[in-house]
Every structure is written in C-alpha cells, then in structure tokens.
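Below is a structure I'd like to ask you about.
Order of writing sets the labels: A, B, C, D and E. Residues in every chain begin at 1.
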C-alpha cells in the first residue's frame, strides 16, 4: 500500500504535531511555551480530523458550479469532519484564549512564568 | 486532773505533727470542709475496766493465759539483746509457752527491756495500749525501777510504774536470760494467782497515768488512748 | 535531562497508540453514510450550497450553539478573571505614555480596517454559499480590531457596546432556534423562512440570518477578548 | 409537558439576556439566574416524575427537524431525567448557597454559572458524541471560569492546571471521536454502539481513546492531581457543584458510552475504578485539609462508581439500583460536606470542633459522614449491600474484597475527621456564623439522605421486613431533645417496654432469642431507668441509646442476613456516639469505630459468600456455606468478634469503655458485647462441628477465647482505673463465653449461654456501682478511693455479691458456670485451652480483690469523708439484678433446665441430668440448692459463735492500727492500692505487653506511611500532572492491547 | 429425718476429731522443727492453750463489719470444705455432705475463706495485710495451675469428678493408688500442695520478719482464735483431699491420721530445708517444673 499519498502524509503530520505539542507541554518550563505547545497539540488534532474526511481526487463540499448536485456524493470530500473541525478550532481558540488569560493572571501573582513556581498546592 | 486529759491545754499545736493538724479539704462535689485528724481518724473512747468472770472459770482461764505468754517483740533498751537468746536451744523459752509475736494486737506481754527514753516511752505507751487485755508488763533491769545509771538523765524516765502498771520487775543490770526466764515464771505465778490485773488498773487510774505521761512527754501529739 | 529522556520514552510509547490508529487508517474511497446523505439531501432540505455550513448551522446546529457559548464563556471568564481593581485601573491609565506606533502602521490601519470589516461581513453573509461563515467572518472582523490595537495601543474599546452586541446576537440565535421549534421541525431548524432558490444569497432559510448573528457575536467576542487582554497587560 | 430543549433555551436565553442588561443590579441578576435554574429544575423534575410513574415514555428530541444520525438528538429517559434533576437541584441549591459570592463577582460569574448548569444538562441529554464533546468543553471552560470565584493565587494556578489537563483530555477525546466516525460513519451514539467497532483493532483504539478520556474526566487515580488541586482551591460551595453535579454528569457520560466499549475492556474499567477508589482514599488518610480530603473522597467515590459500571455484567438488573444508591449518597453527602466546609471555614480537620456549638450542623455533619460510609439507614448502605451480594453471586470475590478495603480506608479518614470534630478542644476557635442561604441547602440534603434511605430500602428485597417504627420513635426522641432528661427517659422507657411487648410474640418458643431479648431490651430498661440519676438535658443521648437498642432488637428478630447487618450497623452507630461521650474518649471511640467498620465489612463479605452458595439471604444461608466455607465462617466470626472484643480485636475496648460514664458503660459492656455473642451463636449453629473446616475454625476459636480470657484477666489485674479494670474483665469474660461456644457441645454451650446471662447480671451490678462511684468521686482511679464501705454500704454489698458471683465461689451462681466449664473441658477434651481458661478464672481473683479492696476497704481519704451513697436511681436497678442473682443461685434450674431442653435439639448428647435439685453430668454432680442451704446454715452458726465469744468488741477508727509503735500519717500513704500486684507484674507482666496494640499500630503506621509516600506523586506541578495523564493513557493502552 | 440428725451428729464428731487432730498435728510439726533445731519445743498441748487464751481475751476491737465477718468467712471456708469432703471411704456417716458436690466444688470452695479473709483484713486497713493478701492471691493463681492440670488428669483417668468414686477406684492395694497409676499428676499436685500449705519457701503471705504476719496483723483475741481454729481444720482437710485423690483415701480414722500427717509433713519438710522465695520467683516457679509435669500428666492421657 502506498503510504506516500496526501492523506497519510497529513495524518502522520498531524500526529507528529500532537506529539510535538505534548513534548513541549511536558518539557517546557515557561508557561507561554506550554500554551504554544497546547496550540500545536490542538492544531495537530485538527489536521488529523481533516485528513480523516479526505477522499482523493475530490473537491470541497460546496455545491457550486463545479459540482454536479445530483452526483455530489461522488464528487465531494466528506463535509462532516470539516464541520467538526470548525467547531473544534473555535473551541481550541476559546481554550487557548482562556489559558492566556490565566497566564497573565499567574504572571501578575508571582511575576514569574516558570511552571514549577506554581505548585503551592500539592499532596 | 481532768484538764490534763484535755489536750488543748498543752500548747500542743507546736508539737502537733503536720499531718495531725486540722486541714480543709475539698470534696468531689466541690464543697469545702474541715478535717480534724485526731478526732476523725482516731477513736477517742477511754478504756474500761473488764472484771474477771466466774471465779472457777477464771482460774482455769488464768492458767491458760499463764501458759500462753505471747511476747511483743519490742526492744526498748540494751536489755533487748537478752531476749533473742531465750529462743535458742540453750534457753528455749518456748517450752514455757513463751512465744514472740510481731504485733501488739496479738501479744499479751510487753517487755520493757531496760532504760526508756522519753520518745521511746511514747511508742511504748502506744504499743501497750494497743494490746488486748489481759496484758502484762515485764520490766527488765534497774533502769526501769529507778532510772539506774541514767537516774539523772534529762531524757529517760526513772520509774516505769508511773506510766504503766508493771507486773514483774527483773532486777539486774542487765539481767541474764536465766533471770528473764525466772521473771516469766514469776509472772505466771502472778497470773495464776489472779493478781496480774494491770490492764484493769491502767483503766481505773487512767487519768493519773495520763497525767504522768503527759508531764514527761512534752510533745504529746496523739489521742489519749491508742486503741 | 533524565526527566526529558523519560518523557521522550513515554511519548514514543504514546506514539504507539497513534501508530495503531494510522495503521488502521486506509484512507477513504467513498463518502460515509452521513456524508453522502448530506451530499444528497442538503440542497433540498437545507438549501445551503456550502455543505459544511449546512451541517454546521442546521444539522449540527446544537454544536454551533455550543461553540458560540464557549466563546461567550471565554469572553465572560476572561472578563471575570482580568477584571481590574480600581487601583490597577488608575495605574494603567497613568502609564499611557507608551511610545507611539509607526506612521506606516497607523496609516495602513486607517485604510485597511474598513476593508477588513467589510470583508468579514461579506464572509459571514455568504457563509451558506461560499467557503466561510459566521466564525470565519467574525475572526476577520476581530483581526481588524487587532490591527487597530496595534496601531493605537491605548485605544479603549467600549465593552458595554461589545457586550450588548454579543448578547443580543446570542439571544437572537437562541430565539431563532426557538422559532424553529414553533414554526418548523425543531430547535434550530432553518426552515422558518422559505428556503429560497438554491445558490442565491437569500436562500437556505434562516442560515444567513444565523450566520450574521454568529459573525457579529464571534467578532464582538474575539474583540472583547483581545481588548481585555490588551488592557490588562501594559508593560512599562 | 415542557420540552427538554427548553432547558437549553431558557438557560441560554437568560444568559444572553443578562449580557444585554449588563446594568441590572447584581442581586437582581443573580435572582433571575436562580429563577432560570428553578425553571429548568422544574422541567427535569416534571419529566422525572412523569417517567418514574410511567406517565411518559422515553422521548427523543430532534434538533433542526431531522432524524438522527443526520442531526443531533437529545434523549429524555428516566435516567436522563434523573441525572438532569440531580444537576439542576445542585445547581439551584448551590446557586442559593453561592448567592453572595456570585453577586460579588458580578454578571459574568452569574452567566458562567448558569451556562455551566446548562452544559451539564446537555451532557446528560445529548445522544451525539461530538455534541457531547462540545458540551464537555463548555462544562470544563465554565468550571475553569468558576474556579477563580475564589480569587487567590492557588485557585488561579489550579485553574490553569485544570485547563491544561482538560485540554489534553479533550484533544484525545476528539481523536477518538473522529476515528470512531471514520470507522462507523456516524456520530450518533446509538449508531456507534450498533456498529460495534471495537472488533477491529483501529476501532478498538478509537473506543479506547473515547473511553479513557471520559474516565479521565472522572479523575482517576493517579492521573488526577489537577482535579484535586481544584477541589482544594475553589470555594467549597463550588466544589460541591463539581463534586456532586459535574461528577454525576461525567459518570452518566461513562454510563452512556459504555455500550460502545467492547466487553473485554470492562475488567480494565473496573480496575481503573478500584485503583482510584483505593488509591485516592489511601492518600486521603494523610490529608488534613478538609477540602482536599473531600476531594480525595469524591474521587474515590467516583472510582467506586466506575468500578460498578465496569462490573455491570455481573450485577444484572441490580446495576441501576446499586449505582443509584451509591451515587445519590455521594451526591447528597459530598455536596453537604462541601457546604458545611464553606460554613465552618476551617481548613484543618482538627479545627472543626466549633461545629459542636451548632447542634443542627453537627447532626448534618454526622449524617453526611455516615451516609458516605454506607451505614444504615442511608441509601449507600443498601447499595453497597446489593453490590457485594451481586458480586458474590457472580463469584467476583476479589472485587468484593477490594471494594470493601477501599471503603474501609475511606472510613479511616472520614471518621478521624468526624471524631475530631466531636471531641477535640474548641474553645479557641471562632464562632460559626451562618447565613440563611448557606444553611438551607445542607439541611435539605440532610433531610433528603434519610428520605432516600427509606426509599432505597424499599428496593432491597431483604429489607422488606425492616420495622421502621423504632426508627420513627428514635426520630421522635431526637426531635424532643430539648426537653429535660427525665421526660425523655420516661418516654424512652415506655417505648422500650412497649417494644418488648410488641416483639415478645415473635420470639415466643425460641429460648435463645428470648434470652437475648431479655438481655438486650431488659437491659435497656434497666439502664434507662438508672438514667434518672442524670440531671440536665443530656443532649443526644437518648436517640443514640435507642438506636443501639433498636439495632440490638433487630438482630434478634432478624429473619435474614441483611437485617442482621442492618441491626448491627445501627447498633454500631448508636454505641459509637454513646462511647464517645466520655471525656478522653476521642482516640478510643475512633479505634472502636475502625474495628466496627472493619468488622462489619468482613461480616458483609462472609454473608456474601454465604449468599453465593445458598442463593438467598435467609438465616439458613449460614448453615453449610459451600463457597470457601473456611474463609466465610472465619470472616463472619471475625466480624462478630470485633464486638466481643476477642483477642486480637480487643484493643479498642479498654479505652472506649474505660472512658464511658456509668450507665453507658453498662450498656456498652454488659449488653452491647452480647450482640457479638449472639452473632457467634448464630454462625456456629449454622456451621456445625462436623466438617473439617469447622473443626479447624473451632480449634482456633477456642484458643482465641482462652487467650482472650487470660489476657483480659491478667491485664485487668494491672489496671489503676476501675473502669478499665472492668473493661478488661469484660474481655476476659467474653473470652470464656467464646471458648464455651467453641466447644460445640451441650455442656460447652450450656456454660457459654449461662455465662452470657450471669455476666449480664453481675457485670451490670459492677458497672452501675463502679460507674456511679466514679461519677460521684470524679475519678475512676482506684488508688484515689478507699474505705468507702462506711459511706456506701449498699454499694459495697452489691459489689461483694457481684464479685463472689463473678469469681465463681460457691454457693452463688457463678460457681455453676465454673462447674459446667470443668465438666465440659474434661468431657470434650479441650484440656489445654481449658487450663488457660481456668487459670484466668483464678487470676480474676486478683482484680476482683483489688476492685473491692481499693475502693471500699482500706483507708478512707480526707476528701471523701463527706460523700454519700451513690444515686438511688443506680441502686434500684442494681438491687433488681442482685435479686435475680440470688434467685438463680438458689434455684439454678430456673435457667439451666430450659437451657438444657433448648440445647438438646442441637446437641442431643451430654445433657445435664436432673434429680430434684441435684444436677449431674457423666463426670460430676452438684446440688446448688443444698450447697446454698448448708453454707447458709453453717455461716449463721459460725457468726453466732463469733458474736458470742466476741460480744463487746470496741469499734475503732481507721488509724487505730498497729503501725510499728507509730501511727499512720495520711490515708494516702497507708492505703495499699497503687501498683498492687507489682510482684505479679514482674513475673507475668510480659503477658500483657501490648503485642496486639503494637501489631495494629504497625499496620496503621504502614498504611499511613504508604499514603504519605504515594501522595508525593501530586507534586503540584501542572506539567507533572499532564505527564501523569499521558503516562496513564500509555500504560493502560499497553495493558489492554 | 432421723438419718439427717444422726448424720449431723456424726459430722460434728468428725469435725471435732479433725479439729483436734489438726491442733495436735501442728504441735507435732512444731515440735519436729524444734527438735531439728536442737530445741525442746512447745508442749504438745500448747495449741489448745493458745486457742483457749485467745477465745477468753477480755477485750477486742473491730474495724468494721467486714473485719468482723472476715474470720467467719474464713472458718466457714474451712468447715465448708470439711463438710463437702468424704473423710472415710465406705463409712456412711463420715462422708459428711459430700453428696452435694464434687471435686470442683471443693476446689472453688477454698476461695470462700480466702475471699472473706482478704476482705476482713482489707477493712483492717493495714498495709501489711493487703501486701500479704496480694501476694497470697498472686501466688495462689499459679499454685492452682499444676493442681488444675492434675485434677483434669485424674478426672480423665477415672472418668469422674466425684471424690468418692475416685477413692473407690483406688481401692484394692497400694498399687492402685493414683500415686502409682498416675505418678505425674501426683507429682504436679504435690508440688502445688507446697504452695497451698504456704510453708517455706512459699510462706510469702505471712512472711515473718518481712511484713510481720501479713493478713492477720490486726486480728487478735477471738478473731484470731477463729482463724487458728480454721487453720487446724484446713490443714487436715487439704491433706485429706490429697489423700483421697492420690493416696487411696482412708478406710478408717487411723489411716486418715497417718496419711494426712505424712502429706502435711511433706510440706513442713520442704519448708525446713528451703529459704523463702520472692513473690515473682514463687509465681514463676510454679509455671516451670510443676506446670511441665502437669502438662505431661495430661498428655499421657490424650
């Protein structure tokens, strides 16, 4: 089987991005970098999602002039993952924004961005 | 005389031992009250004269009493060293019914074995009073008769019979165990004859004895009669 | 270093999960049942040319409502979180002597911002026909605002106004949803209006309306977020 | 009916509207929010009501007018309605509770709160997996927002950790969802279930990711540091919502997606659950911060629920009930506890004692704690019972054991917390101030626990026969607790007597039960009667005493194993509260509870094994247990022996009883311990003596009895406190009884039961008198007493007769027991155990002499010169008991004959033979009546002789004694009492070295240290928490695949 | 009815004989001890004289009701034991009231007197009394262990607890005595007997020269008389008990006197030879050799 086609490449890229994001989250000490890691992670997921719905040699799920409405089912890629990814992106955006707000607040509390400085609660 | 019996006249508080002074305590219910140890802890009854019973019976009983002389193991002076040999094979007082007892409650004879210091007198009186009647006093040596070589001592008594009724004096300084055995035999005779009524005499002339005792014992800090 | 190594090992092990997913992934040759249903029926049922829009706004309208709520929440929480005490506000206002931004930026802003806003509006109005939609349009509008902030760091946005727009759009969205129950098949059904001619601007029932509200809402929410973040962090 | 969709529309509409009218006064906004939540509560309540009573059917709500899977659909079934109701109620009450905070934080907080509740509702209702994801995100973002209601740096950092962790989890969920879509082509949960994608490798991984993400939402140990920090740092009022509301919703999600999961994952799910349950409870042990502790407990409870879901194949149709009962208990109790935590405002568990000043709150606190621990009459008890029984019926013994271990560990810290608040010093703590809005929610939940307890009881088949009248009576007494003690006392006595008459017909013809009815409830009347001595209100005493007696009565009338446990637990609760009334009883009450708890769990395990073999719960299930009989019988016996305080399980008793006041001491020792005896009797009757395992068990039991007797009596001899002396003595006496029963022969049982009765009589006398004296003198230390015979002659006579009886000196009835023992030992061949028992019987003289001498004889102390006889209310029952002793001393056949007739049906051989008053065995003979006569006549003659020879004895006072020609100084120095048997101690003191205590200490230290070690994984660093999550998923992945 | 009265009279006669034999025996023992020491010793009639003297003392004191009752209990214990033990095997009358109880009754009736004495002495309030009692009780607990083992052993051997039946089983020649049929039990019991008679080295209770005379420190006059009466009875009775259990019982008074003398002599003999133990030594001693012997005595019957 041919692994060097677009959906494989994109899905592998997506997963690599996820792992990269996780690696950043787990190893970076700076909270902002952690948030960036989270963004990478999220983006990776979005890429994976889009790859899932991809069908080779088909077009976007918009029924304009290029698509025959009657035979749309055989001409377009799956609209559902795209719809889902839209939602997921927005959610990721919301989460990231919120995280950044937290970072701001944390920095204000301790004037520090090192994650290990925020471990007062433990055990 | 009567006021002699009354302890209060005796500036006793100076001599009264700490534990015999009055004290206030708090009960478990929180109420405070006073304790007078001499009254609360000691019986203040005076001794009574106990007359002998029916003559025949009494004669028999007296014989038994004479043959069973239980001696209080209490040595007051140098003469106490003469008592232990009595129990040895050489003298063996046990054959005469003489046995040593450890407690005055069970003894019938107290041996005043020589000089009697005033502070010992107090203990002797207490022990004597704790013996049950009929009880007998055997006095050893000249010190108990007239003070002996301590006749002018500031601290010993001269005549024992001022302080308690003596049944038999054994003379000598000191009398040897043989003399002591003889003294026991004398005592037996007295008992059998019904003349050894020292306990009753003590009860009868209690006030006089007490007066004498209190006269010489300055720090009198015990009840009048030690039951 | 040791820890990093450990993390690496764990992640490599973790990658095994993904590997097994990839190995079972064979690509697609056909649409899924769901996809082909949408491809076949969406034009007649929803009337939106953009199938993604049809799915997002109508078929999975509740998801969209959830998304909107999430943004709304994010904005509200950031507001809650970064609400400045009075002292801080005063302090911030005293530090306004920041260096002015460059002339180029300011000029470009003046020219570009209206265009950006217009573009945003276009995107969400045409959401049911062309790629794009309320979210995308809202984001474009918000990017215009970011540009404004960059040009003029001391700019204050009118939070009350933004909040009003945000809420009224949200409320309208919900209201349209309820109308769906009353007038059509169910909550968020777009057939409260005529579906119209397929492929025209005024078609697809309530979708354009909804997308307008979503666009407004997203735009205002993102603006609000950016604005709040901007106000809070004033470096000396 | 209002469509469930309006839960969404109303909440969102109001939320957005509040945004529009941003200028509204904050209070009004909050009220509007509450009205909105009230409205959605109404909707779900309406549905729940209709669905429960069958007025409606499960309804699908299609959005956008399309059928699923093409559009998102919501489902309103009975479960959905129920969970949504739970969420809305906690939202409503939580909103009321948080009213002030919300008002202070303003519009945004109010909106976020409202949306959170809405999000939780949708999570429950939705049938679309992606929609589920969206609203899980809504929920988690809203939660992240509300975390900062408590604006401090801890809450902000924990909020960040929470965001990070939930972000990762959500990402993984998303991957799982998209792949499941890839494999099924649908997002509808029903479709995914039908597609059965778990069969393919990739599908299984997708399902795994979904599952693990949902499980992670339930905060499994150890990947839950982020959640625990949240519990600790947020406002308690909000923690209540997370714990009760969010967790319930997440649990329902797990329930919802469970059918997707392939069967072979179930064990893993249960394992994850049980690890969470045990692990987080273990860590809780070391915890002193209340909110964090509650967090651990919440997570533990969720773990239990996960386990239950994982075990669902074994639970059959009981699954719903079990999950319901445990969830509702967790829901009510945890929310209540968090609310209380917010009211008390103390972070350390040691500082909760100021709660005592508010009795209502204290009652609530106790209610919630006992609810969590699964005591009756609370729903979790029924749930746990059914859970264990069903598991046992399916042969899942390991799971049963693990669940019980986890529950026990939870008990450790919850009780430590509770008993600390009951007993520790509270003078320095600030007064608790309650506002009405914080007071109402916990009260409602507190009342609800009882209501649900009753409700849950109606579902348990075996609970059908439970008589609720006594419980209502107790509730009534609890309500009139403000009245003076004597009124309550009178009412209680009347109640108990009425109950005796009510119960008597049911035990008629069953001598065993008659005896124990007499001991339990007759004893109850006696102790309650003696309670008249108490002046004042005696708050809390009567409900608890009556609960204990009700439990005991339930033991007697129990017709099945469930009722036994129910009564047992009820009795445990009651007695715990009675024992803990003593001044320094904190550690002892705690250890009592620990042993009781452990005991009831082992018992439950044993019952379950019996059930597994027998198939139903009748008492006959105890006869001939077929599943692991050795284990089952041993466990049940251990359970009962925690109450008889047999060797190894006795260490709680001396302290607990030693600190109890007079009548409580009587209840605890003379009556309560007999409950264990009753249980052992039931077990042994069922077990028989023939099987090999029975022989082994009886052998061990016999030695346990013998060693208890020895240790108890030797230790009693070395006690300085009269009460502890009696307590140890009880251990010893119960040892005799256990030994007698272990002989499993006619004589042995006669002896054992006879001892049971007589022990009740003479120990009753001793406890009341000694307790009364200790009360009067203000100390139980014997060397501080002395010479009281002159002040308390009636007490002295009573004690004298009691100790003569106890010692087994003829002619009193105690001798009968000894005689029976000798005969039994020799005829049954229990020689060496027998010698130990008889030796300890003689050792009893040591402590008996010490007891009577150091208290009544010797020297009267200064401060006691004015004391009076003990209260007449104590003396009257004492003399009643003495009367009974004298009667059976002269006429032992009154008891022995019926006993023999009764036992002959169980042990046909070796019965006593009667010839008028003469009783004989194969070995010996004994004539109680004649001995009594002879000794009596002789005694009178000798007394006359002494009086004749010694007529005029002079009465003297206490210092008139020979004292080596001196006189005593003070009574204290003359009273030989302290360390009385010093020489004996030198020779045999090694016997009472606290080996057992050391053993249990070692165990508890081990557990404690383990907890301390394990909890270090919670480093507080958000990154580490993420690492935990990643590693957790990785490990489980490799375990499954 | 006549039978009962006759029985009563014979019992009183038996009691009289036992009492006098007890007094005489104690005099003889003292005499033997004196002769060993090279002394002449007391006259043989000394115990009677002492008793008469004590009963005829003119005064007495009492510390209270228990102090008064103590000696009554004590003597009651002795007389009671006498009443419940069969003296002469085969005699219709000198079996006293032994039909009303068995060996166990005797074992436990010992406590009757001990308890009374302990309480009486306790009310006396004297510390030495209590020290003596606490020692006595402590020692007694372990003294009883080998005794219990021996009793169990012979009960298993003869399958009865009735003393009469045990004696009956030993009739028919010296080799039928428990001494020979069950030497281990006998050995354990005889060692236990040393503790029961409380001669040296187990004379911890009265401990002359240490706690002067222990429990009866405060007793005197007729109280002491009663106690001494009891001692005389009790010594004989305990010896008779051992005689019945281990030495074939007695079929006539002469046999009884001889055997009880020898049994009593055993403890006096040991007492002359050994010095006194401390309490913990004494307690520990009984839990060593006698205990092991006792256990062996049971093991051979398992």
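The definition used in the following text is that contacts are C-beta pairs under 8 Å (C-beta built on N, C-alpha and C of every residue); 3 or more make two chains touch, one makes a residue touch a chain.
All figures in this text were calculated on a predicted structure; none of them were measured in a lab.
Chains making contact with chain A as well as with chain C: D. Path length between chain C and chain E in the chain contact graph, taken as the least number of steps between touching chains: 2.
The chain with its CA mean position farthest from that of chain B is C.
Central chain (C-alpha centroid nearest the global protein C-alpha centroid): D. Here B-D and D-E were compared by C-beta pairs in contact; the pair with more is D-E.
If you average the Cα atoms of chain A and of chain D, the two centres end up 51 Å apart. If each chain is reduced to the centroid of its CA atoms, chain C and chain D end up 55 Å from each other.
Between chain A and chain B, the centres computed from C-alpha atoms are 113 Å apart. Across the assembly, chain E contributes residues 59-61, 217-218, 221 that each touch 2 or more other chains. Each of residues 130, 134, 137, 141, 144-145, 148, 156, 175, 179, 181-182, 187, 954-956, 958, 960, 962, 1027, 1030 in chain D touches at least two other chains.
Shared interface positions of chain C, i.e. residues touching 2 or more other chains, are given as 7, 11, 14, 21, 25, 28, 32, 34-35, 38, 60, 63, 66-67, 70, 73-74, 77, 81. Chain pairs recorded as touching, per the definition above, are A-C, A-D, B-D, B-E, C-D, D-E. Within the complex formed with chain A, the residues of chain D that make contact are 130, 134, 137, 141, 144-145, 148, 153-154, 156-161, 163-164, 167-168, 170-171, 174-175, 177-179, 181-182, 187, 225, 229, 232-233, 283, 286-287, 292, 1015-1016, 1018-1023, 1026-1027, 1030. Chain D meets chain B in the complex at residues 776-779, 862-867, 954-960, 962, 965-971. Contacts from chain B toward chain E in the complex involve residues 50, 61, 64-65, 67-68, 70, 88-89, 92, 94-95, 97, 99, 101-103, 105-106, 108, 132-134, 199, 227. Those residues of chain E whose C-beta lies close enough to touch chain D in the complex are 55, 59-66, 68-69, 71-73, 75-76, 79-80, 83-84, 97, 99-105, 108-109, 111-112, 114-115, 118-119, 122-127, 130-131, 133-135, 137-138, 140-142, 144-145, 148-149, 152, 155-156, 159-162, 217-218, 221-223, 225-226, 278-281, 283-284, 287, 294-295, 298, 302.
Touching chain E in their complex are the following residues of chain D: 787, 789-790, 800, 804, 807-810, 815, 818-819, 822-823, 825-826, 829, 831-832, 834-835, 838-839, 842-843, 845-846, 849-850, 852-853, 857-859, 918, 922-927, 930-931, 934-935, 938-939, 942-943, 945-946, 949-950, 952-956, 958, 960-963, 974-976, 980-981, 983-984, 986-988.
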